[in-house]
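What follows is a group of structures, each given as structure tokens.
Both complexes shown next keep chain A, but they swap its partner, so chain B is in the first and chain C is in the second.
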Partner chain A sequence: MTTRLPPLVLHLLAALACLVLLVLLTLVTDPFTNLRIATVGYYLIAVAGLALLTGFNGQVSLGHGAFMFIGAYTVALLVKRVPAFPIWVDLLLAVVAGGLAGLLAGAAAARLHGPYLAGATLALAVGLPAVAQRFPDLFAGSNGLSFTVNSQPAGLVGVVPATRWQAWIVWLAVLLALVVLVNLARGRLGRTLRAVRDDEVAASLAGVHVGRTKILAFLISSACGGLAGGLQAFLLGTAAPGSFTPALSLSLLAALVLGGLGSLWGALWGAIALVYFQVWTDDFAELLSLRSDIADNLPLALYGVVLIVIVLAFPAGIQGGVRKLWVRVRRPAPSQRGEK
Partner chain B sequence: MTTFVNLTLGGLSSGAVYAALGLSLVIIYRATRVVNFAQPALALISSYLAYSVTKGTGSYWLGFVVAIVAGTLLGVIVERLIIRPLRHAGELSAIIATLGLLLLLQAVAGMIWSNEPHAFSYAFDFRGRFSPSDLFAVLAVIVAATGVLLLFKFTPLGLRLRATAFNPEVAKLLGVRVGVMLTVGWGLAAGVGSLAGLLATPPFIFPTVLDEVFVYALTAAVLGGLDNPLGTIVGGLVLGIGLSYVSGLLGPELVPLAALAILVAVLAVRPSGLFGRATARRV
Partner chain C sequence: MRSRRSVTAIALTCALVLAACGGAGETPAAGNADKGEPAPGVTDTSVLIGTHQPLTGPAAPGYGKISVGAKAVYSYINDNGGINGRKIDYKVEDDGYNPTKTVEVVKKLVLQDKIFAMVGGLGTPTHSKVVEYLNTEGVPDLLVSSGALMWDDVAKAPKTFGYQVDYTREGKIQGQYIKDNFAGKKVGLLVQGDDVGTDTQKGLDQFVKDQIVSRQTYDPANTDVTPQLSALQAAGAEIVVCECIPAFTALTILTSLKIGFKAQLVVSSIGADPATLTGLVEQFAKQGGSQVSGAALLTGIIGTRYLPSVRSGEDPWTTFFKQIHDKYIPDEAFTDTLVFGMVQAYTFGQALKAAGKDLTRQKLVDAMYSGELKGPGLTPFAFSKDSHAGYTGALVFQIAADGSVKTLQEAKTTDRDNGPVQDAKSDRPKPEEVKLVG
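On to the complex of A and B.
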């Protein structure tokens, strides 16, 4: 980088530019698309958190949806029980709740490797949503909690459509979280995470506390998961156990692998793919007027095929391809493009 | 007291199923150091084939045989097409590839047979305490597990399989056809997995029916130590009985959480499972 600005300022400026672009984008798109843009946003932060854990630190989590579950229910309960809190406090508390859960999970997981860790986190994804069924008085069972959030300032009600406003809030939160995440990943922590991933012995010889680093990775990525879940609840106005199946956890990992494990940019491509795969297959199924049995299962089938093909043929994912293109084009300026 | 006996017996038959599916994971893990997350989907497809055959011909046993054979073949195909090329690609790649296969096969099952549940029959009468069906499940798993263990211990093929699992390089030098052994291992495992699927699926079959069973099977295998077949069978039975108590005394919604709690508690003390070999792990 040629600029002399400190990275944090640079990232904040970039985030501001992204936000402006997004606001412009939502101004020209219909409410339906606004909702999709917001959906990309919360998936982005969930996948980015997972990128830190799995991509940077090498800990495979098949249970990341569980932290979204915690975030979503935190927001839902706070909106219902403590309506005096503004939404940003609710979201902050969703981050805290997700982080705390991640701290526990990380402490339990720090000694586990590969398949053992994958098994334990998968059990988390299957087991946790059952809590909602167990305590129906608090969590409203399998129907889940429904609520309305009045986050829009009085002056804007009627001026800005609700979904557009929600998309702004979601992306503001996501971009702020991303700034934090990018700074952590680019700095000392990122190097430590990668050192632990590549060789635990060498890392601990170099003075890295391996266990603590792994727990910290879990904490940060789960906090991102909590935020993602909280934003989802804010956007949809519901939190129900049915949205947090193991399939969600697996598709988060799938999105990460598809986007590219080693970088946070990969999380963006993965999140876009996660949302638009669904949209495209729906359109495609409608175009060919496929039976609903086939249409409903098409996204899942494609996901499966894509995962296998990527692992076999393109281990670096979409970001690997983008990077190759970038090297070929090679501009001196640092890559700061708006997202779609 | 009767409740206690009922819960124990009920837990025994579900535990046998966890043990069988866990065993199929262990056979593969021993041979290839891959946890086959697609195992429930392989078992699912063979169960659906059994459903179709049974529905078409009226014979449960014809469906049963078709399922086991088809499951074994599926295992062989998966090893050849997907696992073989990933041999040197690292742990995460194999996990992700088998997860991809899981999603794909579940979706294919949904496309062919629809996501709606279909009635799927038991082998025998399933009513009453420790019904003939429960007895059959336990016996079938005992027979299969004993067969597998005997095969590994006392046959030339078993010796080659063990040699391959223990050290593929040396085995190759000694003239073992390592590639064939890996394929055989996957076929064998998928066959046992299909048996578990047939026993676990009734009364209804739908694409995600084996997900929870798989988590318990994985828990059983992890409890037993992923490379210990006997430990896995013990782990499966103990887990089945333990979860049956939880379900009967505390409530069925708590079963997945209880499995998680058991898993975390055991792994916290022994990160390689109860009976896992204490491999010299770096760190």
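On to the complex of A and C.
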């Protein structure tokens, strides 16, 4: 019997295995599917960050799109103004910028509960993109910034399609961030977060600094948002206020609820749903050849229906359903065990 | 433990090295345009084109109908045998006026659907994010639905061509008209806070700089324009030049009514479609809990346009498009916005015809400035080897009480710099003189 590996190494190895799988997946799919796979990646880290905040710590944020906005503009400005920085420095700084903004927002939010917190964070999503309009010389107003990120090593240009390379970078960053998140969530911090979520008084009696924990959750969560935004900017070469509407923040939260609040796996299902439900319903709407004003709005309506159905059928989201199924497979139901 | 730590360290180092390859600087990777391969999206019997449109979201009221009009014209072309024997397959992707979504759907059109050309991509904040990509990939990017100056950049975007009269040209024509007809009156400006505003101002300032008493901007995300209009009222503006999209022209009309501000409204072509405005004014008023007559509120508004109006019944092109409308989309209201899409589709058809039977992307691009593109528009295009700007001018009209439009000043053309504003040459052919299909 070998000694158990420490969790960090275990998670790193798992991440490495995931990366290998993803590289293989991108190799057998076409360049556009690679782009979608990368899109799932950056949504995953945004939703996972939100899972830590909302699912683990019980702080509802309706404004997480604002941190993506900060991350995206950080990368955009760095690429345009300091082109010598390699992309990983840009992304790291996007994480830092998102985290700092989250620290400020969290410090204010730690005093708020439930609907008041939701309202405050929604204000962030509504108000922050207007900053781009306030300083048009720096942020280019409503038009936003567009740029090309030249990250591919010279030797790979023309050999590997650009979107495939981008998918690799996105997932590498996402998996590294996930390793950090999983370690935090599984460890002492995770327990503290849940303690504060379940009963603040009990937690503080047990010696947990409630306010500090809440701010820390906000910081980590918005750093993830910053990374997600930075990756989006890296992937699509744009940062514009029109992309970070309150609707984005709401859809992140909806994706989290859909995937399952309580675990980081839920973030994966949520991110996949965010990208692929839209695609499938689009195709479905096209198939029906309806009047244009109905067909245009059908995808969103269907998404809403699916969200309602899933939440009704599996209150714990897709991950809840998967876990139920898994339990049933592992341990047959009483009737099948021959118990009468 | 030591060895395990080093495993971690090695894994991390590998990851960082992999990510660190190359700076993120702005220099684009080597383009792969024009590899001499057969053109994507083209077969002997069909040609696939794509576009991105706001079918949902903030710009959908009004602009959502453009692709409906275009589709009707493509159906008409296809039912009459196509162009050079090829049917046109028109793929419309919804981007919700969200730049991130635009980049995604355009990459889908190029990489997955493999379109031959992009036609009429809509919006300045949206389309500006894909111009470089389309040009790097060598995809012809024709008739962009926006009047920003940036589509006319032959050196940086050789495959991109404008469509609308650009905002500076239009601003010059408006400025000159105001200077000639409202000399000495105080002018207030209400403009969208992006290129629409800055580009227009460049034109207006050449004529009415000393008449302007106040300049206000609005942001499309904020639908309350009361502060802006109150400021214009306080400044004593007698003429209000509104460079607004349809929804904000409608809001301006209603807000002026609310605060009792009676100034002569001068609206630019992007927001001056009377049919769309009537609908929006009545709809917004209803949402606010009151009943208004759109026709009464619109009476007297001055606007500019460069396409035939659905309300000028004697124009042969209006008649032609009305026939297509009645046959293919009789349930849709016949508006100037619909005609915008129809003219765009028709113009693309002409370019495709001129590109010839042996179709390549380069031939299509060359056809754009071949001088073959004449027709529905009231002024010529600026297309040449050195210019990719669209329509070169506009006429000035006024909305009458009976809902018709009265021409105040015939079409004039100008350039985007300091050149003169002069009468447009009228060499506009009739529909039957243009042989498009077959």
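Here is the rule we go by: the second predicted complex is superposed on the first by the 313 of 340 C-alpha atoms of A that agree within 3 Å, B and C clash if a C-alpha of one lies under 4 Å from a C-alpha of the other, contacts with A are read in each partner's own complex, and residues count from 1 in each chain.
Assume a contact is a pair of C-beta atoms (placed from the backbone, for glycine too) under 8 Å apart; a residue touches a chain by one contact, two chains touch by 3 or more.
As the structure is a prediction and not an experimental result, all values here were calculated from the model.
J.: Quick one: chain B and chain C on chain A, clash or fit?
T.: These partners clash in the superposed model.
J.: Check the residue A:163 against both partner chains and state whether it touches chain B (first), chain C (second), both, or neither.
T.: Second partner only.
J.: Does chain A have more residues touched by chain B or by chain C?
T.: Counting residues of chain A touched by each partner, the higher count goes to C.
J.: Look at A:133 in the shared chain and tell me whether it touches chain B only, chain C only, both, or neither; answer first, second, both or neither.
T.: both
J.: Tell me which partner A:243 touches in the superposition: chain B (first), chain C (second), both or neither.
T.: In the superposition, A:243 contacts chain C only.
J.: Quick check for you: in the superposed arrangement, does A:300 touch first (chain B), second (chain C), both or neither?
T.: After superposing on A, A:300 lies in contact with both chain B and chain C.
J.: Output check: A:173 vs chain B and chain C. Expected answer is one of first, second, both, neither. What do you get?
T.: second
J.: When the two structures are overlaid on chain A, which partner does A:143 contact: first (chain B), second (chain C), both, or neither?
T.: second
J.: Going by the contact rule set out at the top, does A:257 touch chain B (first), chain C (second), both, or neither?
T.: Only chain B is touched by A:257; chain C is not.
J.: Would you find which stretch of chain C runs into chain B in the superposed arrangement, from 166-174, 256-264, 346-354 or 364-372?
T.: 256-264
J.: Is there a shared patch on chain A that both chain B and chain C touch, and which residues make it up?
T.: Residues 130, 133, 293, 296-297, 300 of chain A touch both chain B and chain C.
J.: Where on chain B does chain A make contact in their complex?
T.: Touch list, chain B to chain A: 29, 35, 37, 82, 85-86, 89, 91-93, 95-97, 99-108, 110-112, 114-115, 207-208, 211-212, 215, 218-219, 221-222, 226, 251, 253-257, 259-260, 263-264, 267-268, 271-273, 281-283.
J.: Which bits of chain A are touching chain B when the two form their complex?
T.: Chain A residues touching chain B: 54, 58, 60, 62, 108, 111-116, 118-120, 122-124, 126-128, 130-131, 133-134, 200-201, 204, 210, 246-247, 250, 253-254, 257, 261, 293-294, 296-298, 300-301, 303-308, 310-312, 315.
J.: What does chain C use to touch chain A in their complex?
T.: 4, 7-8, 11-12, 15-16, 18-30, 32, 55-56, 60, 64, 67-68, 94, 97-101, 103-104, 107-108, 111-112, 124-126, 128-129, 132-133, 192-195, 219-221, 331
J.: For chain A, which residues count as touching chain C in their complex?
T.: 5-6, 8-9, 12, 16, 30-33, 35, 39, 75, 78-80, 83-88, 90-91, 129-130, 133, 136, 141-144, 146-154, 157-158, 162-163, 168-169, 172-173, 176, 232, 234, 236-238, 240-243, 245, 282, 291-293, 296-297, 300
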